[in-house]
Each structure stands twice: as structure tokens, then as C-alpha cells.
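One chain, chain A, appears in both complexes that follow, with chain B as partner in the first and chain C in the second.
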Partner chain A sequence: MIEPIIKPRRKNPLLRTRLPTSPPRARSRASHGFTRAAAEGRFMLQRCDACGTFCYPARDACPTCLSADLSFADAPRRGMLLSETTLHIPADVHFRERAPWRVGLVAMECGPTLVTHLHADCEEGRPVVMSFQLDKSGQAVAFAHPERETPNMADDRQWREMTADPKFRRVLVTNGRSIVGQEAVAALKAAGASIVFVGVAEPWKPFRGEDALRAIEGVQIVPLDIGDEKSVADLAADIGGKVDILVNTTEHVRAGGLLDRQGTSVVRDEIDQSYLGFVHLAQAFGPAMRMRGSDGVNSAAAWVNILSVYALANWPMFGAYSASQAACLSLSHCLRAELRPGGVKVVNVFTGPLDIEWFQTVPPPKVAPRAVASAIVSALKRGLEDVFVGDVAEDIRQRLAANPKAVERELGA
Partner chain B sequence: MQNSIRTPYDRVVMAVPVTIPYVRYSIESAQWWIGRALKALVDGAGITPRDIDGFCVSSFTAGLDSGVGLTQHFGLCVRWLDTIPLGGASAIAALRKAARAVQAGDARIVACVAGDTNHVDSFRYTLENFSRFNQDAVYPYGAGGANASFALIARNYMRTFGARREDFGKIAVAQRSNALRNPHALMKAPLTIEQYMAARPIADPIHLFDCVMPCAGAEAFLVMSEEVAASLKLPAVKILSTIERHNAFGDDPVQVRGGWAMDVDELYAMAGVKPDDLDFVQTYDDYPVISMMQFEDLGFCRKGEGPDFVRQHDLTIDGSFPHNTSGGQLSVGQAGAGGAYLGVVEAMRQVLGQAGPTQVKDARIGLASGFGMINYDRGLASGAAILAGPSS
Partner chain C sequence: MDSNGLMQFAGAVASGAVRVVDLTFTLSPDFPVIVLPPEFGQAAPVRIQQISRYDASGPAWYWNNLTFGEHTGTHFDAPIHWFTGKDLPNNAVDTLPVRDMIAPACVIDCSAQAAKDADFLLTIPVIEAWEKSNGRIPERHWVLLRTDWSKKGWRDYANLKDDGAHTPGPDAAVMRWLVEERGVIGFGTETIGTDAGQAGHLDPPYPAHHFLHGGGRYGLQCLCNLDQLPPTGAVIVAAPLKIQNGSGSPLRVLALVPGQG
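== the complex of A and B ==
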């Protein structure tokens, strides 16, 4: 049984901050099938298209029939923990400072045997349920969970290394004026965040929902205008060393494409707010987060972007907005690579049109801001990297996987 | 006993067992160690490097050099060349290939060498770059190196067959007592079963004295025809039989046996001997559990009887079942691929009566085995050879 983790005390400024170390990162190209699965929270194994054999580790030919047609397919998650060991003196620096560390050998019901990290409640000779997770190196690893829920399950030490659970962490939500921002604050507090800093531009101007926001214990409203480099830098100077999770809820949506607009002012605004705002945030908060990736229970853990799913495929009705989102998506991959040495995850939450005023004329289905908020919390708790919220986002994801050209034509119809 | 249909190694012999004494860490390169071994071979045989026309080499730390690069490095001009990257099975594989090459006339004198250095960081480098499956699916779990993999195998073996840590301890303690007679062994202090049991855990149930110490060193031997050996007046070792097997029993969920179990009947049939006829056994002992498995898989007892077999035998040089008489890797050290050769070279000395302080009295015939390459969850490569002295 897991002892619940204890809320960390105020940090002693005289003590050295433990620097992040990475678990081994190198993987074969084929093995990144697991990275993809882990990023989305799926459990996939290679399965031979010719004979149906599931195999592991990643191969380039089927070990039963030698077919080269191995596809990553969703696989049954159940297995049996055959044998386990506790590493007391691992050779690798990352694990040595985390020892003792438990790993085991799991025979999957669908065939292969997996070397895996173990949740503390997994018992030898008992069934387990498997997932792939992104570890602190950003690469996929297998993780075995007990078959059924156990007390304080999410507080397991090895599991917490795989996730960015908000419990006892300090969060910055960048835009408290938006409904998505407000819902995110409430959800993160409910998930156990110790403090939520909420950025509000020009806080002397009242806004809808302000009273409710201020009424939540542990919420602190801070001045933040992310389009303004100095505003962002000032806030980072103030709280940058204690932001464990940053949720970028910047929202700047305007309808329209290219030809029916004159000039660039609207487009420029979108870029200033969404793209350059992201740059300001990253430059101000990213370095400290990367440094603090291994800083105990409330280490820096994740950066969350809320992106339109039209970042992946332009929707001409919101064409310039889609392009600003694509720019942010591209930048998020850069940030992900640069935060990786700290073990800090970058989570992209892709949504369809939100049920907010700027999408007033768009027909349903639209995504409730609360659904976005709970998707953020769920992604952090499960350690995901790419999340699609709502029916439209999921629809676009599937259609893009099937035929991107069809998506382009149909969105532009 | 079944009949073997394989061609015997008639008129092919091994000679000049060479050990370049190990050191824990070395600032020299693998090439330096291999070079020392080659020099000892030519000096020991009374030949020149030009007389070597076959070369077979194994090393984890030779960097970018395979056998062909090493020929130029050492000034060898050979007409038969092999580089064997089979870890702990490299010596048996080298012996098999070299013997057939000599038998077929493809080479006259083959130098079989394994040498590795051990810089302070080279063991980690070897771990990180061991194999694709290891890199993808073992190393990221903190389980780099064989400790964790063998811990999983050992724990399953203990639960399945009732082995206790004390049983593994008996193997390690006996080997240490053998090693105290071997001046080249890195471990110089006696080991008691109490010390073994009290050692710090590395990866349960593997504790400190279950693990080998990585070190630098080299081992080597020559393979040639009986006639050449006689003309050089070299004491010669006969090769009675060999087996080799890779990726056996892939359906066993956890490894409980090695490839030997597939071929053991042939091993004895080809040699025309029974397990009882052997005067000593040198198993590949990267962990005691693997030696115990080999007692079963090499026919000294049935599967699952390994623990009892160990309890009932004295495994020291003068005991009822002389085992790993040099002290084995557990007490001599593991010089990379040299570890594969340790048992084979010691077996040569034993049947030649050249083992000195570790000599088993009247040893005539013995077995040496190899095991290697934890590619993912199990050791893939296995092999064994039965060797005999000139008088048998």
C-alpha cells in the first residue's frame, strides 16, 4: 500500500537544487511507435499483419513468419507479473539517485514479455495492467499497474516520475479573464495544486468570473499581459522559481482568412498575442523550469498549451487564426525539445471550436471550457503529451491519419 | 547414448593457453591487451607472427576495429579471419570455427584471442551500446548491465525450483577458495558463506558476491593440427566435442534453461563420454544461478535438481566436483570477452597438467562452457566443449 505523499515544506534557499538527470534516451526508429502510443495514452504493440503475432521489443520483421508488415496496433493491456527485482545499485546516474527502484518481467496475455517499471502495488504472480509512459527523457517506457485501484495509487513514487500530477504543485494559468482559464484554475485546484497563480492583464479592470476566482483558496491573481515582453519578464522575476506547471490559456480568436481582409493588423494581433506571447512566456519561464525538473515532490513538471486542432489543418473560415495556431504548434515542438533535458513535459491539448463568444456563429458540436479543463488535469495525471478534446478534434485527428489531402479539401469547401 | 553424425575433430588440437594477468582498471587500450596476448602466443609456441595464418578475435572495447583492422595493427597476414561478438560464448564459438578451418586446411595456425580494457567509463559505454533490444527495452529501466536481467531470472528460478541464496553462496564461496590458489585472481581475500549472505543487495536477489567484477585482461590459445603441434613440440589439447546454440527455448516466459539443454546429448555422444567421466567442469559463471542452471542443462543432474546437486557436492579443486578451478569470473574478474575464454583456457591447463596451484589431480578430461549476450530478457548464446589431454 502506498503512503500518501506529504506536502513539501517551503524550500530552504541555502540548499542546492538537485539538477535533473535523464534516464537513457537512445531508441531505435521502430521503437518510437511506443513513443507515439505513450504520448496519447494508448497501449500499442507491434502486430504482424500477416500472421497476427504480437511482438516486443520493436522489430523490423515478424519473429514468427518474417513478414516485414508489422503495424503498431492497440493491444490488450493485461499481463502477469512473472518476476520482479529491486535495483539497489543501478549503473545509471538517473536511477542510482532514485534507488531503490523496482522493475519486473510481465508476460502479456497477447504473447510477448515486457521488461517494465512497476507500480509499488504490483505483486509477483498477480495480474497487472500495462501502459506506455513518457519518462523523464521524453521516451516511452512500459509501466505495470495493479489490476484494481489501490489506496493513494497516484502517489506511487515511480508513477509520479512518469506524470506531472498537479497534487502539491504550483501552477501558473496565464489568462484568468477567459472562461477556459477560469475553469482550468478550478480544476487544477480540485486536483490538489497547492497554489494557482492566475495571470490577468490590467487587473484593475474587473472581469466576469473574477469574484468566483478570488474566492478559491490558494488562488493568487498576478499581473500578466503576455503580449508584453516586460510584463512577462517581471512576473517571471517574481514567481519564476516556483512555477511547476505552466498552463498557457492564451486565447486570441478572430474569424476570417486572407482575401476578404484588408491589411495585416488582425493577423498581426493574432501573432503578437498567440505566437509572440508564447515566445515571451517560454523565454521568461522555461529556463527556470528546466533547471527545476528534479526538485522534489514539487519539481517543475509540465508546460501545457491549449491549441486549436486547426493548427494541424487550416480551416479557411478561421484561416489566419489557424496559421497562428500552427506557428504555436511548431514552437511547442521546439520548446519540448529544449525542456527535455529537465524532464519537463510539454502537453498540447488540441480542441475543436470552444463554446465561447468568439465561435458564436460556428454550429455545434463545440467544446465546453470545462471539458478542456478536465482534459488538462487528466493529461497531467496520466503523463500524456498530445490530447484531443471533443468530437471535432477527434474527428480531425482521425481524418488526418486517414487522408490529409481530403481534410484540406473538405475544410476549404 | 545417441550416436553423433558429426565429423570428429580428428587431428586438430589446441595449444599454448595464455592469460595476460588482469587489472581492475587499465589506461591501456583493448588493442594493447590483444597485442600482449598475441605476443604471449608466439613466444609460447616458439613461432613468429608470420606463422599465424588464421586470426579470430573477440572484444567489446576495441572501438571501431574489427578483426581486419587488427591484422594491420599487429602486422598479421592471415588467410582466415573471424571477429566473434558473442560475449561469453565467444571462446567456444572461436574454438569450433578455428578447428574446422584447420581441419579443412583453410588455415594452419589460428590465433584465438579475446581481450578487453576497462577504463573507468568503458563499462558504462559497453552497457549503453550493447544491443538494439537492450537499448530500446532494458537500459531505459535502470536495468543496464546484466544485474537486473539475472535478478529476474534468479528470482524466478529460486521460486520455481526451491533454490536458496545459500545454494548460490556455496558456488561463490567454493570459487573464492579456488581463486586463493590462483595468483592471477583479482579477489585475494577469503569469502565465507556468512559474508556472502551479508553482502549488500545489488538487485534482489542478486547481492554483491553474485556479481563479477569488470576488469581489463586478455586470454588466448592457438588451434593447429596435431602434426604442427608435434613439430613445434607443443603439448596439445584434444577437442572431443563441442556444441553451440543461440536463441533456444524462446517460448519459455522466463529463462530457466540455456541452449545446452537442446544439444547436451550430442555433446556427450560426440565425445563418447558420460558426465561422470569428467574430471572437472568450467562453467560460464557471470552469476552463480547460471552455473547452477548449467549443472542441470549439461547433464549432471535433472532440471530443478541444481540446488540439491550443489548441496551434495564439494565444488572446490580437491572436492567431489571440481568446478571453476581458477576461481572463475566471480573471483578472477570479468575481462570483457576474455571472460568467455577464462574457463576454456583454464580447462586447457588442467588437461595439460599445467594448472600449477589450481591443478586438479590427474585431470585428463574436462568440460568448459560459454554463455552470453543478454540481448533482452535472457542470455541468447550458449556453447560447450569437452577437452582432453594428450595422454587420454
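== the complex of A and C ==
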């Protein structure tokens, strides 16, 4: 039975802020099959292509038939908790700070036995449901959940280490002018964020939804023009130390590629708003977030980017925009590596065309802004890193995995 | 004027006998700029990026890189800015005659009307009434429209509604008349443009741009401190940056006015 977490008190300014420490991060190359599974919220194990045996941990040969053909495959999640161990004085600095810490052995219904972190409601001899999670080192670990929903389940201390749950956290949504931004604010408030700061550029320009945004309790509108280095730095000077989750809802979509555009001013705007805006935000807010990765219940936890799935494969109809998104995708991997020492996740939410004005002439299916907002909250609560929202994004992902060249030709047809 | 006269003038500036009034807003990223429908190209906003500030990027010096559109902040419009002035000689900021950069001004105070009506339009009768008290507007003078708009907060200053901006400016007849009948050197306002916010619905659209630039005259906008100028007798110094074939530029606009001394 989990006690609900309580809203953290204001910090005692006489105490030093605890620096983040990392759990062990060494992994074999084969083990990154689990990293991929954890990033996407899938449960995958190695399975022998020859005899069908599921095995764990990651290996280079099948323990049953010695075949070298082991592939990661989605696996049944159910198992039984064989035994649990509570570590009271771990040797590792990271876990020592978090002791007591429970781990256990789970016998999977599909065969192998896993060493796993345990949700507090898992009991010995009872069924559990497994997932792979990214821990504070950014690497995959197994996590056992009770078979059924239990009270205050998401407040479990060990589970919260694996996630970036918005509950009692302070969030910055960078663009409150966009519908996606406004939906994200509402969804994050509903998920228990204690305050949502909402950036509004050029406050002298009125915008749709402004009154409703101002009316939400716990929402604070702040001046933020992410294309302007100083505006971003000024805001970080005010609130940089209390942004636990940053959701970059920048939206600058323009149709067109290269040859039918005159001049470069539109391209430049795309780069300024998307890529340079990202750089400004990262330089201004990143260092404090990395430093606050272990700062209690409302530690800095996650950075969310909303990216077009065409960051992965150029869509010439929106070709220059696709390229700006590809630049942001590349930068997100850099940010991910640089925030990792703080245990702060970088979540990329990939979408197909959104149901917004700038994709007006694009036929459906289009992604509703509310669906993007729900995906953001869900990814934070589950601790995911790569999320594909909607049919188009999922379709592109699968086609890319099958044949990237075909995707290039088909998008450019 | 002999050199004595010029030295006398310099002395008067130094002593305060000639007062220098700054008519310029600070060039900053958050000052409103003209808004066009998004499908048009947009004026790049003012951006100030620090290169170094006595730090690792430059231990002993502070400097910035700047980007901005030609029509940002307090700025000057050259004839080449509008299609009506595109074929005139010397119509860009780098070629316009430098003597035009110093000229006297007539200041028409319409602050009371603008306070009552954001869409106030300056008309010929308003100026004729002004001329009754102040005399006929001489040739090659600036006409500056005082509305006290520069004293507003930025949201009210831009005053954007769902049918566009609502800010005061001139009507079409008065612009044609100022150019053709009064031979003004230019027209200046406190608002974001020389034209009224709703001037796209006048005939011709944007008459200040249409007639001023078609007649080879200039525009000044985003001016402030016009309330410190006398109706006549001030001299305006407005020298735009010498941008190659530039259509306009942010600039420092100074007014020289008779002081107390």
C-alpha cells in the first residue's frame, strides 16, 4: 500500500542541493535492445530464431541450442515474483542515497528469470507485470509492477525514479499561443503539475484562447520569445531554478521546399524559431535542470520536444520545415547525452501533420493537438524517450525500419 | 552661413540654448513591429546576440551581433520602399541627398482626437485649422502627427483586433495635398507606420506610403517625445543608415528646438 506523496515544501535555503548521481551505466552492445524497448515503452526480450527460446540477460548465443540468431521480439509481460531482497546499505552511491531499495527475481511465463527493480506493491509468490524502464543513467532496467492497479500506484518511490511524472512538478510550456501549447498546459495541470509557466512571445499580439489560458489556476504566463537569446536568458534568470519539466511546444510550420521559394527569409525564420530557439532554451535552462536532477520530489525530470516525424525522412511538400526538424532531432540527441549525468530525460514526441491551420490543405489523418498533449503526459508518466503519435508517425516509423529508400521515393513522389 | 554662425550654433547646443530632443525609441527585441498576414515575408525582429562580455569569448571587450529588418524600431522609409517610388532617382537610403536629412518640422497636435478615436484620420480641414494659428506649412518641411500614441503600453500601441490594427493616421486626400500643395519633405508619426492601422481599406490603400514615396518624399515612424516639440521651429535630424539600395532603416531621430537659454 503506497502512501500518496505530498506536495513538497519550499526548500530550506540553508541546505545544499543534492547533486545527481548515476546508477551503474555500463551495458553491452546487445543489451541496448532493452534500451530501445524501454525508450518506446515496449517489453522485448531476445528470442532464438532457430528454437524460439526467450532468454535474458542479453546474450550472443541461444542458451538452449547455441544458435547465434537471437532477435529482440515483443514478449509476454507476465511473470511471478520468486523472491525479493531489500538492500539497506548498498555499496553504490546512487542506491545508498535511496536505500532501502527493493529488487527481486521474477520467473517469466515465457521462460527466463529476470533480476528486477520492484514496485512496493509487488509481493513474493504473486503474479507481476514487467516493463523495461530507463533509469537515471538513461540505461534500461527491468521493473516489476503489481498485476492489478493499486491505490496511489504512480507515487511509488522506486517507480518515480524511473519516470518524470508531472505530479507536483513545475513545468514550462514554451509557446502558449499554439493550440498544442494550450492543450499541453491543460493536460499537464490535470496530471497534477503544481504550476505551469506558459511562454508567450510578442505579448502585444492578442491570440485565440488567451482568456481561457489566463483563467486556469496554477498557470502563469511569462514573456518568452525563444527566437531571442536574451528573452530566453531573462526568463531562465527568473525561473530557471524551478523548471522541473520543460515542454518545447514551438510551432513554426511553413509549406515549401527549395526551388519554389524565393529567397531565404522563410528558411531563416524556420531555423530561428525551431533550431536556434531550441539552442537558446537548452543553453539557458539545461544547466540548472542537469544540476537539479536529484532535487527531491520535484527534481528536474524531463525535457520534451515535439518533432515532426518528417525529421526522420524529408517530406518535400514541407521540405525546408522537415530539414529544420531534422536539425532539432539531431540536437535532441546531443541534449540527451548532456542531460544524462543529471538523470534528466529528453523525450521526443514525433507526430504526423497536426490538425492545425498550417496543415489545412493536407488530407487526413491528422493528429489532434489534444492527442499530442495526452501523449506528452503519458510519456512523462511512463518514463518514455521516443513516442510516435498518430497513424502517420507510426506508419513512417515502420516504413523507415523496412526500407528507408522506399520512404524517400514515396514522400517525394 | 559663415563659420562663425556654425560655431554659434554649436555653442548654443552645448549651452542648452538649442535643446536636443530624442525622438527615438530604444531599438530592442520586444518593441512591436509591423504585422503582415503570415503568408507574406515578415520583417525580421530585432535580435541582439552577445559575442562577448569580458568573458572567455573576449576577455577585455563587450560587443553584440545585431539582426533586424529595415523597418523595425524608430525608422525611416525611403521612396523605394513603395511601388510608387520604385523608379525615382536617388530613391534609396544610400543615394538620397544628405541635405534632406536635416529639415524643419511642423507638429500637428491631434492627441485629443486620437485619445477619443483610435481610428482617427488626419484630414485637410484639420491642417487648415492648424495653419490658421501657425501659418502655412512651408515647403521642404516635415509634417509630424502628434497623437501621444508613443505613451501607450505595447499592446494598446499595436492595438491589434481581429480585423487588423486600429491606430491613427492620415486620410488619402491630406497625403496627396501635403505632397502636391505643401511640398512637404516627409511625414512622421508615433505609430508603427506612417499610415493608419486600417489604411489598407482607404483609396488608394496606404495613402501615406503611396503619395509620399510616389512624390520622392520620406516617412518617419515610431517617433516619441513629439509632445516636447513646438508647433513650428524645430529642426529634425534624421540620417538613416547607408544601406546599399536600402528601403529604410532604424535610425536616431533628433529634434533641435529653441531652448530657454
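Note that in this section the second predicted complex is superposed on the first by the 412 of 413 C-alpha atoms of A that agree within 3 Å, B and C clash if a C-alpha of one lies under 4 Å from a C-alpha of the other, contacts with A are read in each partner's own complex, and residues count from 1 in each chain.
The rule is simple: a residue touches a chain if its C-beta (ideal position, glycine included) is under 8 Å from a C-beta of that chain, and two chains touch if they have at least 3 such contacts.
Please read these numbers as outputs of a predicted model, since none were measured by experiment.
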| item | value |
| --- | --- |
| Which of chain B and chain C A:Pro206 touches, first, second, both or neither | second |
| Greater residue coverage of chain A in the superposed arrangement, chain B or chain C | B |
| First, second, both or neither for A:Ser265, with chain B first and chain C second | second |
| First, second, both or neither for A:Cys122, with chain B first and chain C second | neither |
| Touching partner for A:Val377 - first (chain B), second (chain C), both, neither | neither |
| Partner chain in contact with A:Asp228 - chain B first, chain C second, else both or neither | second |
| Chain B and chain C contact sites that coincide on chain A, given as residue numbers | none |
| Residue ranges of chain A in contact with chain C within the complex | 202-206, 223, 225, 227-231, 263, 265-266, 268-269 |
| Of chain A, residues touching chain B in the complex | 23-28, 31, 56-58, 63, 82-92, 94-95, 98-99, 101, 103-105, 107, 113-117, 124, 135, 137, 139, 141-142 |
| In the complex with chain A, residue positions of chain B that touch it | 123-124, 127-128, 132-133, 135-145, 147-149, 151-153, 155-156, 159, 200-206, 250, 253-254, 376-377 |
| Residue numbers on chain C that touch chain A, as the complex places them | 29-30, 32, 35, 41-42, 44-45, 47-50, 154-155, 157-158, 160-161 |
